[in-house]
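What follows is a pair of complexes built around chain A, which joins chain B in one and chain C in the other.
What follows is the complex of A and B.
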């Protein structure tokens, strides 16, 4: 198990370093002169003379080799210094942390709702394979999987916020404001989870050991509860973690539409305003978290599956 | 209670359509019969063997007793009673009490019958709680006792283990403990040992027999291998095509089989454990025993049967069925068509035999987890002569399959060399890569399920530029006829063929490339005894018609004895013995070989040398202990 952990951690570090290097390169490959942006962010007024650029470049160490610059940048980043935002002229960290908190709440809530719905529907569908309930659940989940958020979100706002006026159309204050964004965001993972739970349950139902359990005198109900459901839900754990990572960055559209001050929103603003430090900070945090979650998913899967657990023990 | 299991006139049918709950009245338009009027009984304490080839309806009979038939199979009529309770009329609640409580079941693949995410101990807790009301400490205590009864020397460790940590033999013993947990009066055993080697098979049978004697357990033992159970069975029921062909006391059925099918089964079992007596009438009581082997070899001086039998000539030889020393007083007479092996050049007195494949000090190591695993093969030197049949024996994990992969060239050795000296000119291929072909263990896995068999067979020919579509068609048909199959079969998909048919097709596919050497990696282990015999005889015929050299890899002693000129024994990756087949079986030199030979000896109750060669010492001890106790 220790070896397994060590190997996973090493892979994790490499992934994060690779991502950070790409992020580090952004200002070097984006059009427009970052130097002028930096100066503009620090000095009032539009006039920038060549000597100031020269001096700043020297001060920032831009004449050093690329890898020295990268290491320096990485060191500052690791110690929590993500630089100053060009637009707000405040430290990026102070914007990233609150936004991260908002996004995490949104995503966790979304996944909880999606998992709950999918477990109920997926198990119902599998236990009624081929009957009307199964067909209805499968058809609906297939339909929702194809429904884009940028279409669904305005539709829901139109109905619940504008026509019925029962829910707020935007913002992030109080539980009611979370209903619409969570509903929109949960729809696709819920559909995906439902079909995964259904498949997992069907596999688990068809396993030979289920016949053996009945052969020992366990009732159908008891067999399903003890031998089918736990095995059938196992694929869901990995899937939830994958979606967790995906939603951290994928919530951009929903956060923008519902004006939620989360990471997606921050990233969106950073990119739109060419606010490079802000974008860099947001991307590195999201990527780091995503990699961490994927690794956590592997570990959880290992803990739940003795065959994986023992192989690495 | 006193009457045991009674099945009367049981009819089962498969509804015409795929599993769907929409089949209106239970029977679709075409209801294909699965069982037609099966009747049998198992008295308390009785050991009944239910024998038949695969697909004969044995398993369906067992499942209908459990009341766990697949949804597409229905009981049409008949009755199944256990100790006075009509099982077909019982409701689910009643059946749940009976399953596991009054009858236990063993399955063909025990490892798949455990929930992979639960320990053996938690499996045992279920029936103990359900049928005996035991919980907590009491249940754990009882579970340990059950495991100890099933031959585990460290029951606590087994209880903590997950199914995937057990070997096949251990899993079957754990399954036996599980089946016995509810203190049943009937044990249904559905081919519990056909996936195990002979040593383990004997352990399991002895354990079952032990439980039968201790607890007055009725045993319905399903098998396709008559010889194995003959020593234990009180009565034998022979099934074929969903009907009981023949039944009666074991001695009657075995000595005077009435139907042709039973005779076939006996002939097939004769391969697995027969002793053939001389064709000349032996003096009463002093039967001269000759192993099957010399008959098939070129007779040498001293063999009572003089003269080479012509190939394929039907030969009437008396066969004594194994394990029936006390039962079969008069030798059983069966007509066996004997295929004749072309002897390797050395024995035919031809010029010096040329070596066709040679391994020199070959070592292969698979890295697992970076820790020092022992090599899969270590320092193996071996050669195959032209026209020779070399048997490679070894238990699972001994490196047999690694050897096959090295020989075909899928793996390369870490150390040492493999030399192929192919006979010049004879083969048209000239392509080194196809001169050695492999036949796999599991025929169903050897074909792409989404390709027709014709497409699968054609694939290796497509590589060759000098072969037109018509030529390919012609060659495929020739090869298919060569393995005694109808070319019409080629338009089917693998799922529509039997294991025996598919195994013939894998052989046909290998033959298409005109190999000089055919390697059969457990090629018949997945087949039932009758089919196995047919495939083996086919291989012998190809060997003699085509001058094919064969390497047979198997854990089955009897297949090796039946087929090969020489035997190589692999044990934990090392070659521990290499000898001529007759010498090997008469006088094995290595300890492991001795144990293997002893296990293949016909009488399962004969003394076996003890010793821990990759076996569970406790189980061996238990078997021996049971034998010495009065």
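What follows is the complex of A and C.
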């Protein structure tokens, strides 16, 4: 266990360093002058004064070699300082934390809804393998996997905000404003989870100990409840963790359509405006959380599944 | 040039809204009720403050449209001139000095009095900014000082008649000294306008209450919320659902649904933006005026406006919109003339030895379609063209260094001040800092230099028109279509006047009838 944790801690450090370095390089490896992008994000228009570019470059220390700039950021970050945003000149942490809170709320709600749906549908499909209910659930799940968010979101706005006027079309104020974005985000993970739960349940249903339990005369209901469901849902823990990590920074389209001030949007703006400290801060938080979550999921998976524990041992 | 996120996203919602047509429009008629002083409204704006509330940044636009920030002067579109605002009068004291009389009896929302010292402090803050606003930087203003309690002197490095215009720029808005005491600018309670900001949800919204002591008289709304919604389709949806009372900058593709909704009024005005086919005058074959004229003659601008822009733009007559006071008199949009184009190509000695390249920047989704129309038009006269779509940032170094053939772009002529001098200087003079066309003409430079020193606005506008005519005669670029500023408001909103530059939205007179 200690070795497992040590490995994951090392992976966390390497992942954060790697991600922060890649983000740091983005403005320099993509076409265009980073300084002009920064200035353009602050003052409207294209005709940028060359002297302003030079002055700001000097002020931000962007004329130093790249490795100097990166090490300077790393030194500050190691002492807990994410630095100042190039565009707003306010502490990055003041922008990252509120955005993180918004995204965490969105993602937790999304995954809770997705997990709930998938447990109900996955179990139903597995217990009715090959029948109409199973086929219908599988078909619908596959259809939802293929449904893009940029299409689904306007559709839901059209129906629930414009047609029925029961939900707000955008914003992040109160529980009702979370309904549509959560619905849009939950559909795809729910589809993936349903397939996983179905497969897990089918595997568990055919397991030796389940067959033996049935042979000992245990009722079907009790066998499913005590021996099938706990094992059938195991794959869900890892999947939820993986999706959690992905949604932390990957919900930008939904955040834009529904005007949600979350991490995806923050990261997108940071990269777009060459706001390196902001992008780095956002990425480090997202990557760090992603590694922590997958580690936690593996630990939980190991606690629930003796086979996994033995593999790590 | 501004990145608009996933155009497919906007197009998706807009297409659906359009398909739904009047199916989603309510049947309520227009309100004829009296204004209700307890009403609050919601305004959907297309941008959020990026650089905190720094006055030299775009945030000044948000504070101004919110009815918080006020300037010494104000550009009145209807009169076409600068009018008093926080300054009651001004005069040019000497070649390099302008004196402004500060309005007496005005108080900031924190209760302190507006005086010359406060104005100087606020303007000095903008001058000292890391990235100063182009309208009010050390390049154009050498200093500000208080002559007495109610007189501010602005000094310029060279003689300029445009100082009153510069002080109409929202970047020169005046905040009380308390606004500048912290690390960042704090506008809360420190403006002079009809609405005072009371709370902010970063990246989401700004809430304002009525300023009970507004110097300009009774404020008819109890308050308002400015929402920052970057997606145009979402803004269009919100005004249709009634979640917003005003939605600024509606995408063209969202018009059909809104225009069929009896609860919504769509407002259109000429914007100071012209979609332009920039041609690299410094490189063959564009270094031949006949070739450039041939390109102009080959294009069908009316068809372009009707098709790609769905009628929400009009064929351009030249570098200026016809409604602008400096528009070229009698100018008409060039008509497509394929035969004339062919003759001009022959006269230029053009041989199609290589396909020319048009860069369509991806930040403007419609430019890919515009480029296709142009490609088709030029093919008809024997000019092969290939299209490249690129991010603006990726292509900018090539544009500035002259390493390109043609690029589709658009510029806001009045982005700095309500006068095109900055645009005409930066974009077309020999030493222009943004001369993408790489055009250089001594006569043109002379006209612009003369205009820059002409105090009389009528005379100056004539010089602008003459400079514009040189650009047109030399076919420096093809000015394709004049874009329109499109806003949508609920029909129960009263006293709303559209500002194509979105500087003034919430005013003391803005009102809403009771529900």
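The criterion applied here is as follows: the second predicted complex is superposed on the first by the 260 of 313 C-alpha atoms of A that agree within 3 Å, B and C clash if a C-alpha of one lies under 4 Å from a C-alpha of the other, contacts with A are read in each partner's own complex, and residues count from 1 in each chain.
Quick note on the criterion: contacts are C-beta pairs under 8 Å (C-beta built on N, C-alpha and C of every residue); 3 or more make two chains touch, one makes a residue touch a chain.
Every value quoted in this text rests on a predicted model; they were computed, and no experiment measured them.
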Q: For A:130, select first, second, both or neither according to whether it touches chain B, chain C, the two together, or no partner.
A: first
Q: Name the contact category of A:273: first (chain B only), second (chain C only), both, or neither.
A: second
Q: Report for A:185: first if it touches chain B alone, second if chain C alone, otherwise both or neither.
A: neither
Q. Should A:291 be classified as contacting the first partner (chain B), the second (chain C), both, or neither?
A. neither
Q | First (chain B), second (chain C), both or neither touched by A:90 | A | second
Q. Counting residues of chain A in contact, which comes out ahead: chain B or chain C?
A. C
Q.
Which partner chains sit in contact with A:213 here, chain B, chain C, both or neither? Use first/second/both/neither.
A. first
Q: Please name which positions on chain A make contact with chain C in the complex.
A: 30-33, 36-37, 39-52, 55-56, 59, 87-90, 95, 98-99, 150-151, 153-155, 157-158, 161-163, 165, 168-172, 253, 256-259, 261, 265-266, 268-269, 272-273
**Q.** List of chain C residues in touch with chain A within their complex
**A.** 1-3, 5-6, 8-9, 12-13, 16-17, 20, 23-24, 49-52, 54, 56-58, 61, 130-134, 137, 139, 183-184, 201-204, 227-231, 233-234, 237-238, 240-241, 243, 390-397, 409, 411-412, 415-416, 422-423, 426-427, 433-434
Q | chain B partner contacts - residues on chain A that touch it in the complex | A | 3, 130-131, 207-209, 211-220, 226-227, 230-231, 234, 304-307, 310, 312
Q. Across the complex, what residues on chain B touch chain A?
A. 20-22, 66, 68, 92-93, 96-101, 104-105, 107, 109, 112-118, 126-127, 130-131, 162, 164-165, 178, 181-182, 369-370
